[in-house]
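Both of the next two complexes hold subunit A, though its partner changes from subunit B to subunit C.
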Partner chain A sequence: MVIVLTVLTMVTFFFSTIAPSDPAALWVGPRPKPQQLERVREMLGLDKPIHVRYLHYVKNMVHGDFGKSIRTKQPITEELRRYFPATIELVTFAMIFSLIIGIPIGVYTAFNRESFWDHTGRIFSLSGVAVPIFWLGMMFQLLFCSFWDVLPLQGRISSYMLYTNPIDSITGFHLVDTAITGNWIAFKSAFIHMLLPAVTLSFASLAFIVRLTRSSMIEVINENYIRTARAFGIGENLIKYKYAIKNGLIPTITILGLSYTYEIGGSILVESIFDWPGLGRYMWLSVINNDYPGIMGVTIVFAVICCLVNLIADLLCALVDPRVRLTGSR
Partner chain B sequence: MDNVTSEVSQTGRFERVYYYLYLMRKNRLLMLGLCIGMILFLTALFAPWIATHPEDAYGSLNMKEKLRPPGADHFMGTDNYGRDIFSRVVIGTRKSLSIGIGIVLIALIIGLPLGLIAGYYGGKIDELLMRTCDGFLSFPQLLLPIVIGGVFGSSMKINMISLAIVWWPWYARLVRSQVLLVREQLYVMAAKSIGVKDRIIIVRHILANSISPVLVQVSLDLGYAILASASLSFIGIGAKPPAAEWGLMISEARPFFLNFWWTTTFPGLAIFVSVFAFNMLGDGLKEVLDPKVR
Partner chain C sequence: MNRDNILLDIKDLHIEFSLYKSTLKAIRGISLTMHKGETLGLVGESGCGKSITASSIMQLIPCPPGKIVSGEIRFQGENLLIKNDNQMREIRGKTISMIFQDPMTSLNPVFSVGDQIKSVIKHHEKCSTTAALNKAAEMCSMVGLADPKSILKKYPHELSGGMCQRIMIAMALSCRPSLLIADEPTTALDVTVQAQILKLMRDLKKEINTSILLITHDLGVVAKTCEKVAVMYAGRIVEYGTLQHIFKNPQHPYTQGLLASTPKLGGDKNRLETIEGNVPDLTTQLNGCLFKPRCNAVNEKCAMESPGIKEVEQDHFLSCHLFNTVK
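Up next, the complex of A and B:
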């Protein structure tokens, strides 16, 4: 993990140094004076050789300092800290949503193979991975915000909430904070703001989970131990929901980490559409404004999140599957 | 004697081909995917003749016809510059298909040989390569291309290369896992024991017997590559205006699409249909080629 992160910082740093446009010029703005450029260059440390700058950057990063954003001129660390909970909340919610919806559908279609719902589910899961999520988000906006006007268009919470029902920031996750403090009006507002982005974001992994759950359940049903259980005359429902499901869900759990990282990538698209004040939108704004320190900061935070998520997913696998725990391999 | 055996194997091969063709014809999913795929390729090929207003795809403006809803003259309406969306979608097929094919080809050229080598020789090369792949695969696929695009500025070429860079590990891993299975087969050991060169074993026995999942993956990935490059264009890295590119068209329509639904709906549908087609194609191929699923 440390190696991966080191390589990643080196790569992103290297890219930002050989970028075609000059950060100092971007900092100063259009029509810079030479003295100004010189001063900014010195301030940003651009006059020093590349390895010195890299070491400097890494040293600051370890201390939790990503430098200043070219776009907003604010310390990146602070901005990221502010945006971080929003993204985690959105992605986690989307993940939970796709599990709650995806697993039952997958299990049901596996138990009712070749039925009408199985075919519908198959078409749904094929199209789910094919639909561009940025387009899907915009179609949802058209449908639910413009055509029916039942859900808010964008943002994380209604702006007047800050005055009528201010949220005490404990964890930074609006849903959790409002639920703890019993602020149900703000909770409702946060929840309906969350719905569209989360559903959009979860769509692809939902389809993937349906498919995976279905195929692994089918595989498990045909195993010998299920046949043995049937031969012993154990009830069909008991077999299905007690014995088959336990083993059938293992592959779904193993891909949790993968889906989570996938959704983090998707958050860049979804947050930019729904104007969700999170890391993904920050990334998008940094990209279109050539804000290299910003891009690097978000990239590293994303990378750390992904590494941690993969680690947790691996531990989870070991927890649910004794085979992994005992042999150390799948 | 020699002649007879070769003839037998020849007919066997033909019969197998016919058998596969029969299976393919029987597979509705595959046929549908194949049909849409063919239509897409033909559209891309004859795009300037199919498009009703081909000049609109190359930056001609027509402010008088601004934001017209779909109608007889403009099948999919017009955008904020009065450009015919149907023509732009049709001509955009070229860009999307070519970039999709480009990404998959580059990824295949890098990933296939590396996977073969890693799987066949094993040892330290294998270890190093797989760790590299794990590193790539543990991040969101769009992350690195976004960083590269954000730093180097937007261009379709950079887009294609950076997507290929994050794509090849999938192939390397897939090929390696196949090779590990094939390597232990009797015919490979037989070839080895009579002193056939490694290079020939790899190409004639191992590659030939591990290619079918790769084919499936290629057809699936054609769709995903189109999707990924459209996403990048949507974010603002990739195609530049006034290019007719599906992702870019959606992104350009963002400020006003809530009042003019056709501006985003049709380019998005184009992306969806093409990715869906390649998905069906891949899924169908899997059923035909993989006896287990069949």
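Up next, the complex of A and C:
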């Protein structure tokens, strides 16, 4: 993980320095005076050679300082801390959604192969992979917000909640905070705001999970040990939902980390569409404003999340599959 | 043999598999009788229908594409083919058990072996988990596994092939079945382990008084374990008799060919004998004797009609037109 992060900071740092824009000019604003530019360059350390700047950046980063944003002139660490919970909440919710919808569909279609619902499920999952996220998000907004007006258009919570039912920030996750404090009105508001972006975000991974679960379950129910279980009189339901499912879900758990990563990438699009105050939207704003310290900060946070999530997925996998465990019960 | 002693009676069994464009007639009229306490060897080359016959007794043929077209399978006087799935589930693993060719893949990799044996015992005996686990440990020591308590905690990938097969046998015999179907139990094991497993099966058979239907293509295994032998060819039984009949006095040209093909120590031949030709395509309409294309002594009757199975001497059955004509 340390190696991954080192390489990553190097690459992003290098690319941001060769980008054809002058951070100092952006900092100062339009029509700068040469002296102003000179002063800002010195202040941002841009007059030093690249390796010195890199080492300086890494040193600060280790101490939790990502520098100042060119766009907002605020410390990036502060901003990341503010936006981080919103993204994690959204992506985790989307992931849970795609799992609790995707796995049952995958299992059901595998056990009822070539049935009507199997074909429907497959068409649905194929379209999930094929449809672009931004198109889907806008379609959802059109349908649920403009036509039917059942769900809020954008944002994380209704703005008047700030005054009527203010949220005590404990963890930063609105759903968790409101649930702990019993603030159910705000919880409901946060929940319905969450629905559209989360469903949009989960759609592609949902489709992927359905297809993977289906094919792996089909493979498993033709395995020898399933035949063995039948030959010993074990009931069909027990075979399916105990013996087969534990084997069949191993691939799905393996890709769990991967789809979480994928959804974090998708959050850049989804948060921009739904005006979700999270890291993805922050990333998008940083990119269009050439705010390279901002871009780097988000990239590094995303990378850390990806590493951690994949680690968790591997641990889960070892929990389910004894063959993966390095130290068995010896 | 007297009639009361009959354990398993298969009469004129036909099984078909519907393929993409054709129908494969896998079993073309098998009749077979097994008595209590008997070990019957079912031999034949790959694809002749040995395993399908075994699966059909357990009603484990995947349906579709498989279908039992006609015939009846009587086990302890009851026709198994008219039983529904729930009734069959009570029989499977309790009165008829089955062990398989590849022990490593026949056990579920994500559950400990103890868990798997325990589930089978619990399902059939309706006892508590502790009682089932104790019984499982007892069965493990019965099949010669040292330290059963720690073995039961292990997963199949931590055990060797021979140990897995012992676990399978322990699981199969845990409810003291009247019939054990062993579908090539030693094919995936090396010869020393094979000998141990066969000895174990012989010993346990005496101990818990079960009958064994042993499916194999290895005549050596048959000679070591069986009392009766049935030779199958292309979905039919061509010869059926005691070990003595089949090995000392084979009548069917296919049985003779099979025995001639086994390597012998001290033989003066450098090359092994083979039976020329291939198994007929079972999806096509076949008339007459199925072995005719590969037979050395054919007469005009062989092409015309299918030879029925006849008793040629006491307990020795044969399906060949050539009997009495060649000799």
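Basically, the second predicted complex is superposed on the first by the 325 of 330 C-alpha atoms of A that agree within 3 Å, B and C clash if a C-alpha of one lies under 4 Å from a C-alpha of the other, contacts with A are read in each partner's own complex, and residues count from 1 in each chain.
Just so it is clear, a residue touches a chain if its C-beta (ideal position, glycine included) is under 8 Å from a C-beta of that chain, and two chains touch if they have at least 3 such contacts.
Every value quoted in this text rests on a predicted model; they were computed, and no experiment measured them.
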Overlay on subunit A: subunit C relative to subunit B, clash or fit: fit
Subunit B versus subunit C as contact partner of A:130, first or second or both or neither: first
Touched partner set for A:166, first subunit B, second subunit C, both or neither: neither
Subunit B versus subunit C as contact partner of A:269, first or second or both or neither: first
Which of subunit B and subunit C A:247 touches, first, second, both or neither: second
Contacts of A:145 with subunit B and subunit C, given as first, second, both or neither: first
Which of subunit B and subunit C A:223 touches, first, second, both or neither: second
Touching partner for A:45 - first (subunit B), second (subunit C), both, neither: neither
Per-residue contact with subunit A, leading partner among subunit C and subunit B: B
Spatial angle subunit C-subunit A-subunit B, Cα centroids [nearest 10 degrees]: 70
Touched partner set for A:104, first subunit B, second subunit C, both or neither: neither
Which superposed partner A:231 touches (first subunit B, second subunit C, both, neither): second
Three-chain overlay, closest Cα atoms of subunit B and subunit C, distance in Å: 12
Interfacial residue positions of subunit A with respect to subunit C in the complex: 223-225, 227-236, 238, 243, 246-247, 250, 320-323, 328-330
In the complex with subunit B, residue positions of subunit A that touch it: 3-4, 7, 12, 15-16, 19-21, 126-127, 129-136, 138-139, 141-142, 145-146, 153, 257-258, 261-262, 264-266, 268-269, 272-273, 283-284, 286-288, 290, 292, 295-296, 299, 302-303, 306-307, 310
Complex contact set, residues of subunit C against subunit A: 58, 60, 85, 88-94, 97-98, 100, 102, 105-112, 119-120, 123-124, 153-155, 157-158, 168, 171-172
In the complex, subunit B residues that touch subunit A: 135, 137-143, 146-153, 223-224, 227, 230-231, 234-237, 247, 250, 254, 257-259, 261, 264-265, 267-268, 271-272, 275-276, 279-280, 283
